[in-house]
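So that you can tell them apart, the chains are marked A, B, C and D in the order they are listed, and the count of residues begins at 1 in each.
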Amino acid sequence: MINNPKVTHEIHATPPGDLAIWVFIFAELLAFGVFFVAYAFARANNVELFNESQQHLNRTSGAINTLVLITSSYFMVRAVAAIKQGLSKPCALWIASAIGLGFVFLAIKIAEFQATFAAGISLSTNTFYMFYLSLTLFHFMHVILGMVILAAIMLKALRGGYSAENHIGVETGASYWHMVDLLWIILFPLVYVIR
Amino acid sequence: MSETFTKAMARNIFYGGAVFFFLLFLGLTFDTMQQLPSRDHRENITDSVVRGKHIWETRNCIGCHTLMGEGAYFAPELGNVYVRRGGPFIKAWIQSQPTGVPGRRQMPNFNLNEQELDDMVAFLKWTSEVNTNKWPPNIEG
Amino acid sequence: MQYQSQAVAKPYFIAAIGLFVGQILFGLIMGYQYVVGDFLFPEIPFNVARMVHTNLLIVWLLFGFMGATHYLIPEEAETELFSPKLGLITFWVFLVAGALTIVGYLMVPYATLAAMTGNDLLPTMGREFLEQPLITKVGIVIVVLTFLFNISMTVLKGRKTSISLVLLVGLWGLAIFFLFSFYNPSNLVLDKYFWWWTVHLWVEGVWELILGAMLAFVLIKVTGVDREVIEKWLYVIIAMTLITGIIGTGHHYFWIGTPEYWQWFGSVFSALEPIPFFMMTVFAFNMVNRRRREHPNKAATLWALGTGVMAFLGAGVWGFLHTLAPVNFFTHGTQITAAHGHMAFYGAYVMVNLAMISYAMPMMRGRTANSAAAQTMEMWSFWLMTVSIVFITLFLTAAGILQVWLQRMGTTPMSFMAAQDQIMVFYWLREITGFVFLLGLVLYIWSFFCKKGEAQTAA
Amino acid sequence: MDKPHKPHFIRACTYIWLALIILTCITYAIGETGWSGTAVMLTVLGTAVIKVEMVASYFMGLRRTRWLWRGIVLGWLILVSGLITIAYFKSLG
């Protein structure tokens, strides 16, 4: 029976990808969440310092990075869509482009860090920079870890390791990558914009 | 939970998470090592301070006292004792032990000579000058 | 007992319990010295008693871990030990080295012991928990390396299960981080920084891996739940342990001269450290509820469940109590730390060792479980010891809160000794509870010799 | 079996992607103006909350799962943004 084009909206019992990654995702959300709240309350204690130091941030590069990550995240959605149709090669291609944008994010971020460190700013300069550098460096490492995961999945996809029926690995990598994007979506306005 | 939660993925997260956070820990350690010289004034570590630390260790002072809050909780904190009491008091106190007052906590007499006493004071002086983020809360330590 | 070489574990367990009794005796001496300052002075000054108490604790836990490893690795790897003889040699070398060290602490003034044992060559003595002379430290390294060689070869030639792999990672981690005890720079801040790499990354890092592996093994045997499920949970729990515990070292870097950002990293990550212990409790109860067999050894099941709960209470809850920097600013170096220390060590590491011993000992004596009478006695000892530790922790917490109030807060703080005099009542209560603990321990030992009722040898 | 049909969520996610791009540009624009104050902060934070909810529901596919999973992420989001708002009001006071 050919199922109708508008497929019924069936509800899965568990989120896409391996449940173990979701335990890790929730732990990371908790850790970042506590850091975001800590930033907010630390800001409440010295507003002038935070507002003044925030001026020196490169908001443009932060915004571009947000766009980069969102697009990269979208690419992963397309990668999952591709593999659901059993198209291994296109799926690998989408993942490769997602990793490509990941490199773009890293490049922009490294440039931003270089400028910051060149200006003699370090973790101990003041509370704002401590939070700014901690949060962005912590997120930066998560982007790298995410790209390692995506690379592993891409290689397996290239070897035809996934199929329409069995592609839980791709969904796992996609879920983690979306989390990395999701965290940056909060981090950008909180650190770069709100004053 | 059914097949949606595989052991292989959990194992990967264990190894990945451990390596990831150990690298982050090494990064923070590297930065700390850069910042420390300006915070602990290591330029003030004279031979006397080194000998003082050696005496502090070989008499197992940490077995009763705390130093910067770490050690045994039987006797007072000595991280800021130099500020609290001053060098001469420390030397006199060490020499006058044990008090022998019945029922009170006793400190053995380590029979330190004049040189060793000066070294101990130098070590405690250096320790009191380390930037410990304003700890302890007050002079009592 | 499926493999003959598992019997090598027996002397380890016996030595472990023997040293445990010694630890408690010295604990009682120190407890009394807190209230009657000059008790046994100058024969056994407080710092010597403390050294013996803490070193016996660590050494008996290590004996327990090594005994547990010698017991479970052959069964996990489904092959005989690589060399049972080597296992016994390691045991005797470790026991003699440990005994000599303790005798050295007691018989000779510490400074003389240092001079005698080449401390001038490479000074590593005089630091909390690492007071052992240089030759003992070198001896420990040799013992642990031969032990690891013996165990690793066994696993290599046998079946590799997740439990044995996790246990090996934990044991190799233990050996590697012990090497930091040889690094003792003259800069106190650097000394403390890397001292925590041995102490913290042991008890809140690799030891939790060993704890997880041992608990998983006992639960598989006692509940019969299939290995796949238990090993999945094990990996998730120890993943969370290292994710939170490694950076969690930061909660020791608040006040020792390290930069201020550690107050944020240390607080945030160590605040998450109770999560793996909570998961371990849920895991233990979940497995026991979904058990597929009624194992006759009820006592071991009780110990396994108790480990989860008490580890979460002692290490998790009591740890969180004083891990946030603003709180730790006041409670650092007070009796609150001691309270956490007692319940955390007992809940996490003492209980998992006792669970392993109470599971393995009957097996090694040819029966699946002790008689009902013996098990009842053992359960009595469980409740006596656990409840008394809870009370000791409560008394020390109360003492700590009062100490903080008197000595650390307000505009007219009391001196240390004046504050100590005000909290003497809690030290008396703690000392009395200590004797109840000793009673529980004696009951535990006696339960292995209880002749009443016949041992159960159900399959 | 004929080629499995194109997943239905592609088109939805494409629209979501565009929406996210636009919302980011808005946030950036607000940032560039340098305005501050409660209204601006609530707008920016609100935008971020909407964006995160979109990513979680559509990109992460939580819309197609039991309410529990979506609830966890949404609950976390509300808690964090709520605390940030409280901290912001505290900073004004």
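Throughout what follows, a residue touches a chain if its C-beta (ideal position, glycine included) is under 8 Å from a C-beta of that chain, and two chains touch if they have at least 3 such contacts.
Since the model is a prediction, treat every value here as computed from it, not as a measurement.
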Approximate Å spacing (C-alpha centroids) for the pair subunit A, subunit C: 39
Whole-Å gap separating subunit A and subunit D, where each centre is the average of the chain's CA atoms: 13
Between subunit B and subunit C, centroid-to-centroid distance (C-alpha), Å: 23
Per-residue overlap in subunit C, given as positions that touch at least 2 other chains: 232, 235-236, 239, 243, 259-261, 265
Two or more partner chains touched - positions in subunit A: 13-14, 20, 23-24, 30, 123-124
In subunit D, residues with contacts to at least two other chains: none
Graph class of chain-chain contacts, one of line, ring, star, complete, other: other
Complete list of chain pairs which touch one another: A-B, A-C, A-D, B-C
Touching residues (chain side subunit B, partner subunit A) in the complex: 1, 4-6, 9-10, 13, 16-17, 20, 23-24, 27, 31, 34-35
Parts of subunit A lying in touch with subunit C, wherever the complex brings them together: 20, 23-24, 27, 30-31, 34-35, 38, 123-124, 130-131, 134
Touching residues (chain side subunit C, partner subunit A) in the complex: 232, 235-236, 239-240, 243-244, 259-261, 264-265, 268-269, 271-272, 275
Subunit C partner contacts - residues on subunit B that touch it in the complex: 1, 5-7, 10-11, 13-14, 17-18, 20-22, 24-25, 28-29, 31-32, 35-36, 39-40, 42, 45, 49-50, 53-54, 56-64, 66-77, 98, 100-108, 110, 123, 126-127, 130-133, 135-141
Touch list for subunit D against partner subunit A, complex: 2-10, 13-14, 17, 20-21, 24-25, 27-28, 30-32, 34, 36, 41, 44-45, 47-48, 51-52, 55-56, 58-62, 64-66, 69, 72-73, 76, 79-80, 83-84, 87-88, 90-91
